[in-house]
Structures are given as C-alpha cells and as structure tokens.
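Notes follow the structure.
Think of it as A, B and C in the order they're written, each chain with its own count starting at 1.
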Amino acid sequence: MAVKTDSFTAPTKRRLATFWQPYTRVAMLSWLTGALVAAILEQLVGRPLAFMLGLGKVPVLFGLVIILKAPLLIPGVIVYVLLIYILPIGLIARLTTKLGNKLAAELLRYPMLVSTVVHLVLLYATLQIWGNINDYRNLVLRLTLISVLITLSLNVINGYMGEFSCSHPGFLALGAYGASAVTVSLFVNDNLFGPAVFTGNWGWIIFPFSLILGGIIAAIGSLVVAIPSFRTRGDYLAIISLAFTFIIKSFIENLEFVGGPRGLSSQPDWANLPTVFIWVVVGVWVINNFVRSTMGKALNAVRDDEIAADAMTVNTRRTKMVAFMFSAFWAGVGGGLFAHVLRYVNPSTFGIQKLAEVLAMVYFGGLNSVYGSIVGAVGFNLLSEALRPLEIFKWIIIPVLLILIMIFRPTGLVAFKEFDVHQIIAPKE
Amino acid sequence: MTLLHVQNMTHYFGGLRAVYNYNLSIEPGEIRGLIGPNGAGKSTIFNLLTGVHTPTEGEATLNGVSLIGKSPHEIAAMGIGRTFQNLRLWRHMSVLEHINMASYAHITYGLVGAFFGTALRQKQEAEIEEKSYHLLQLVGADKFADQNVTNLPYGILRRIEMARALATNPKILFLDEPTAGMNPEELKEMMAIIRHVHSELGVAIFLIEHRMKFVMELCDRVQTLVFGEVIAEGTPDEIQNNPLVIEAYLGKDLDT
Amino acid sequence: MDSFFQNIVNALQWGSFYALIALGYSMVYGILMLFNFAHGDIFMVGAYLGFFVAAGLLSLATMGILAIPNWLVLLLTVLIAMALNSIVGVLVERIGYRPLRDAPRASAAITGLMIGIILETGNLAILGAQRLSFPSLIETQTYTIGGVAVTNKKIMIVAVALFLMLVLHLFITRTKWGMAMRAMAYDFAIIPLMGVPINRIAALTFGLGSALAAAAGVLYGVAYPILDPYMGILIGWKAFVAAILGGRGSILGAAFAGFLLGFIEIFTATIFPSTFRDLIAYSIILVILTFRPHGLFGEAYSARLRL
C-alpha cells in the first residue's frame, strides 16, 4: 500500500517541482507587479467577467465565501480566480523574470531603504486597488492587517520568549479604550464626553498620538504581568495573565465614563486603509528589528535556558520587562486601530473568545516567526470569512483544525524562521 | 595583586552544610584546579561565586570588588565567565548566535538601536559577530557557526560553551568538568584547546575536574574538596602524594 | 447580623459548585500536569445531561409507564448524569489530550480551549439557541433558623457536595486505583515502568473529574434552573482559579479554595456594588498568587511550558 502511494506521489511531486522551478527565480518585485496588474485587471473587467460566469458580483475573497454559500458556482469561481489572479500573476512573473531581477539588483545599489519603500509602495497600491472593489473587502483587509500586528506582538511573548501569556485581550482593551477615549472626547459630539472640543481637521496629528497613548497605557498595564514574571514562569504566569485579562474587562465594565458594559461607540472614521497599512508596516518593521538584534535574541536565550542567559551577562529581568511592555505597546496600538475600524467596542469584545482567537492565530501560523504571524493572521481571517456561511458550525471547524495543527505541528506552520527583508527584496538570480 | 579572592565562605542549603570555611586566591593568568569526589560541593562553589546562590557567610572579591549579593549577569559582566557541568545551550539558536549573546553586556546601542536598526547598531552587531567568529576559530568550531546546536556532537558543544563564556570578556574562566562524557580523543583535543586559549588570551582559569591526569597536566595549583571542606592544597605533585587525598579517593583509580 | 449568616449560607452554596469543579481541574493537573481548559464546558455538558435524564425519567410518569417519586428522580439524575458525563470526559481525554501527551504543554492548553469551544458550539448547533429550564424536582421549603432563612435546596447542595468530596477522598486514599493515581501524581515518568497502566489512570482521572462536574451541573440546575450553552465559561474559569489558588494538583487545596472563592465573592458583593464582584475576586487572586506563587497548599516547584 505504502509503495503504491509512493509511486503515485513521487512523479507528481517531480512534475510539480519542474513546473515550479522557473518561478523560484522570480524576484519579489515581479510578483508584486503581477499582483498589482491582477488588481487593476479585476477593477477593469472583474464585474463583467463575474457576470458572464454567472457569479452575479465580483467574488470578494477569492471566492472563498461563495464556495460554501453556493457550491454550484464553484467552477465559475475557479475560472474567475484563474483568469483574474493566477494567470496574470504567473504570466507577468515569467515575462518579467529577467527585468525584475535586474531592477531589484539596481535598486539595491542604493541604501536598502529605497528598495524597501519601492516594494512597499507596490504592495500598498495592490492592496488599495484590490480593496477598492467593495466595503466588505476593504473592512476584511484592514482587520486582517491589524490581526498581523496583534499576532506578531503576542508572538513576542508566547513565541520568542516562550511564556504562555493570556493577557493579550487585556492589552488590546487598554489600547482600544485609551485611544478611543481621546478621539471620542475631543472630536465627537456624544453623550458620554459631551460636545467635541476640537472641530477642525486635526485627526492626522491627534490620531497617531492617541494610538501611541493607548499603546503606552497597555505597556504600563503589562507591568502587572511582567513583574511577577521575574520570579516564576510557566503555568503560574499563564494564570496571572489570565486573571489580568478578566480584571481589565471587569474594570472597564465598571468604568462609567467610557460607557461601562454598554461600550464606547462613534469613534471618528480615521482608520482607513493607508493609515492601518502604515501602522502595521511600522509595527512589523520595529518588532522584526528588535527580535533580530542581539538584545531581542536575549528573549530566546531566556526562553531556552534562563540560567545560562543570566550567566552570559543577559539582564533577564530587564529582558522580560522590555518584552512584555514592548508586546503590550503594539497590542495596544492594534487595539486602538481595531476600535477605530469597527467604530464600536465593548468590554465583552475582549474576553475569552478574543483570547482563543489571538492564540489560534499565533499557534496556527508559527511560533518565533514573523512569517508565521503573517500566515497565521491572514489564514485565520480568510478561513473565518470563508466559513461565515456555515454560521455556528464555523466554531466547530476552526477549533478542530487548530487541534489537528497542535497534534501534527505543535509549533505552528512556519515556526522559527527569520524574516530577512534583504533576502526578500534581493534579486533571485 | 590577587584576581579572585575568597575568604571564609560557608553555605548551607537548609540544614545541609554544602561548603564550609572555603578560602581561595587566584592570581591573574593562573590555572587552578578543584577536585573532589561527587557531591563534595564543587559546583556549589561555582554557583556561589557566580551569583546563582548567595553564600550564607564569607566574602568574595574580584579585583577587590565584592561579588556577594550581585546577580549572575552582573558578576558575569564583571569578568567571570563560566561553563556548566550539564551543557546549558539554547536549543533554538545557532552556534554564532550563542557566542553573540554573551556580548550582551557590551551592547550600548540600547532599545532605540534595537527597535530602529540605527547605524550604531549595525556597527556594533558587526563587531560582535567578528569577535564571535574569532572566538569560534580559537576553539576550532568556526565551521559550525551557522548550525543549530541540537545537531552537533558533544565534544563540539563543550567547545561552543567555552567560546560563549570567553565572549563575556572574562578575566577568569570557570570550567565545570570540561571533559565530562568525552572519549580519549576528544579529551586530548580539549586539553590542547584550553592551553591554546590560555596562551592566546592570558585569561585565568579555574576548573573542576574528575580526571586526575587532566588536572595534573594543566593546573598550576590544585585544591581538593571533600564534604564541602578543602582538605589539601598545593601543586599537582603534592596533591598526588597527599595521604588525605588518596584516602578521599580510596578505591578509585587515580588515572580514570 | 442576620444577613451575615445569610451570606455564609450563600457562600457555602457557591463554594460547593466551585469546589466540585475545581477538583476536576486539580486531579487532572496533578496526574497529567496539564490544565483541562475544557472542564468548564464539561460541567455545562453535565448540566444538560442531567436535564435530559430528569426530563426522561419524568416523562416515564406522564406516559404512565412508571411513576418515580421526585426525590428518587433527582438521585437517579445525579447518578446517571455523573456516569454519562464521565464517558464524555474520557472521550475528551482520548481524542483531545492523549495524542498530545508528549507535545509542548502550550499545545495541550490550546487544545483544551478549542475542545471547550467545540462543546459550546456543538450544543448550540444541536439544541439551538433557546434556553432550557431544568425541571423542578423538589419543592422549595424555607426553614428559618435563628432569623436566617435556609432553603432545603441549599442544604441539599452543600450536603451532596461534601458527601461527594468525602467519597473522592476515600477512593483516592483507600483503593488500589486511587493509590495508582497518587503514585502517578508523584512521578509521572517512573510509574509506567512499575506496571501501572498510564492510559487507564488518565482516563479514570478524567472520568472522575467529569463525574464531579456533572454532579455540580445537576445541583446548579436545581438551584438556578436556566441552562444555556455558555453557562460553563464563567463558573469554569472561576473554579479553575480556585484550583490554582488551592495549589496545583492539591485535592484538599482545591476543595478549600473553592469554598474560599465562594466566600470572597459573596462578601465583596455585600460591601461593593455587585458589578465589582468579578473585579475584586480576580484582584485578590492576583495578589495572593503574586506573593504565594504555588497557591495555598501547593508545593514549591516551578513548572515551565516547553516549546
């Protein structure tokens, strides 16, 4: 039996490898150009094509949502995805292989920042055009981007430092409420804070400030968990962090001036795609910088052997405190963005369900890995949207999937992989 | 001037007396050995001097600065590098990252550098890496630099631990049974490496060993510890012929 | 003063629920060194099983097959629900935890959380969103003792809880299986070498814990007859906290801390507005754990999650 499967899969694998071989030489620049072209193509001909294929409207998330809602449309969806995404991207990747590599090499002759910015601009343009199709896609896109930041920030503690922290919903709540309190009280006429203080167009300066404030509040709150972590780790810290999440939730429920259990709403609509994109890129960049420095690697040393780390001059207390505050800061920023995307939060948003969600993203994607956090957050969000038509059965399928991952790949899909920007943007031949 | 000076150090674990009235003085560049049967308290002395435990009584100074009450990372930064009896490596890190990590105390780029990748950070990280490579060359493990430590043979791991301890820029190196679990071939190599490191860096060495031959060949002076007390101290020859030491090792072949 | 004693009665009742559930957490931790985060939902399943057993037994009477007196219905409900729920517990262990026995502990924790969500959602999917009302099996009678009103239900709940804890204690200290459990809690690695069947002990532990949770579920249904799929979350987490507070793996500690938590909650609610109840209860726990990391009865050791 085993021999049979081998003889079946081996040629298939070989054929796949031969097919994929030319694509391994495609530079990121070409891939992004392909994606941009696909997005523009969809903008131009997506609607008529979808109509011709009998899909009614443009499939929002690669047809994932349609698959379960109307299985009869699956062939149409496949054709659509093939024509709009796969073929154009594949074609452009192949056609521009030489040019892309040459350009990428050319760009790297300037400081790396130049090339990085060019890639980011391409990525942003793609997302912007792709997200332009409708509000739902735009919303999912923004929430997914924020999830990447939140997942990565939790990965700092649970992956890089190896503590099992359950405090993230608490940090998110602190950031969400901290940022919202500023923007709602200053800029919105509402029942809680009264009339707006400012009426002018100050959002562009106040919003970053309020997000940072939310992050700082979360970072200060994280000391409640960080200080006990000096003495003990493992289960006991997990419980403390869990208690912290409950305390924050309960505390906000009792805080009448931010709406108590009814929640806080009518945040100004400032978290648009460019804003979210910039914050997430900056967050990922800073976190990646940190975890790749020797100071950041100290987190790994503390995780793998704390006594050895201490004996090798690593200040373990400082390391732990920095890790918690740093992680909480970005979680707070993510929470603030989240609140301004949904424009409504209440304390029960930040409970056990949220905890299960963020843990799922981290452990699904992979510990100790930026790639993992991206894969985890994007995968989880897409899956979550795709399964939406199943209603409550979604919350059976997602847990089952996660259990299977835990059984077969306990550290997640792409764990322990360095995110090297230079390697990504470099020419591939 | 004495480099490491310990006076009347005593330590109790609960009611158990682990170390009693221990005295030591090591000169710069000296190689000193500490022998004794299992459970004599040798590793405890290392742990007391490196800040893992705080001695119940007594004083210890490095270059005249007290070590008592300081945390392990402070003591390490002051100039005591150490290895561990049972290897303590970081299982998800590469060999080079191990050595880099021990330069932690010398980093001055701070959090700003760590977060934003400043020019100072690039410069310092490059310097650290260069130093790490040099140390790996010194112990003959540079060809493993990019490998993960979980895949390497035991003898190599011992050398990596030594290079890591050297990266803290120690004035004195504590080696806790550097040849434990090694075959005769590896043992010979280890002895050569210790000699090489000693002559290259001029660092003082304080080592715990079970293998008499190893200690006798390497050390300038040797202490024998039994039940937490020093029963004999002197040159290798004196120790080897000391009736008290022979009695403590009774039944044991001195050459194993 | 009257309200003081009144509160003691209430605290004992809530303490009974917490203690019965906390015992399940603690036993599993003691033996397998993992937290069964699905335990709160196993309690919920127990309450639902109790509901169906009770409804079934009562319908025997309405169909004219067999009229069973209500007290006997209650007794049978408790026993049958315990038996059925222990099967659920064993299944959870077999499917969710056994494959992960050698995996990192964090993985097992996540699996537990996920099994909990599956149980909640599964319930919702099968029974729909309507809340079920637990049949009233005993008439509420109020006795006034020295100005303190005590209902027969409260007395029964506390008595049954204490009785079950006594039975558990006897089982663990007096039987061969109980001894094997204690041995395994003492040293997980060596015991399989001594010929103790590790998988059977694990299953037994989960079964016992789930049976106690089912008892708590039925008793809870008697006191607060509205059942919904998410009823296990809050009470489960609190019982979990009680298990930690008592000291991980300490059976006596779990029982004691369950009652302690009941007292903390009820008495903070008398001093502060009732919305502060959770906030203060958790804050007290956080403070206690910060200064006594191993719980009230736990032994000092530091376990760490492996990666």
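In this text, contacts are C-beta pairs under 8 Å (C-beta built on N, C-alpha and C of every residue); 3 or more make two chains touch, one makes a residue touch a chain.
Every value quoted in this text rests on a predicted model; they were computed, and no experiment measured them.
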Chain whose mean Cα position lies farthest from chain B: C
Highest-count interface - the chain pair sharing the most C-beta contacts: A-C
By mean Cα position, the chain sitting nearest the middle: A
Inter-centroid spacing, chain B versus chain A (mean Cα positions, whole Å): 44
Rounded Å distance, chain A centre to chain C centre (Cα mean): 37
Distance from the mean Cα position of chain C to that of chain B, given in whole angstrom: 51
Residues within chain A bordering two or more other chains: 303-304, 368
Contacts with 2+ other chains: residues of chain B: 92
Two or more partner chains touched - positions in chain C: 307
Residues of chain B that touch chain A when the two form their complex: 50-52, 71-73, 76-77, 82, 84, 88-93, 97, 100-105, 107, 109, 111, 113-117, 121, 125, 128, 164-165, 167-168
Chain C residues within the chain A interface of the complex: 35, 96, 99-100, 103-111, 113-115, 117-118, 120-122, 124-125, 233, 237, 241, 244, 248, 273, 275-276, 278-279, 282-283, 285-286, 289-290, 293-294, 302-305, 307
Chain A to chain C touching residues, read off their complex: 158, 162-164, 224, 227-228, 231-236, 238-240, 242-244, 246-247, 250-251, 253-254, 261, 303-304, 352, 355-356, 359-360, 363, 367-368, 392-393, 395-396, 398-400, 402-403, 406-407, 410-411
Of chain A, residues touching chain B in the complex: 286, 289-290, 293-298, 300-301, 303-305, 307-316, 322, 368, 416
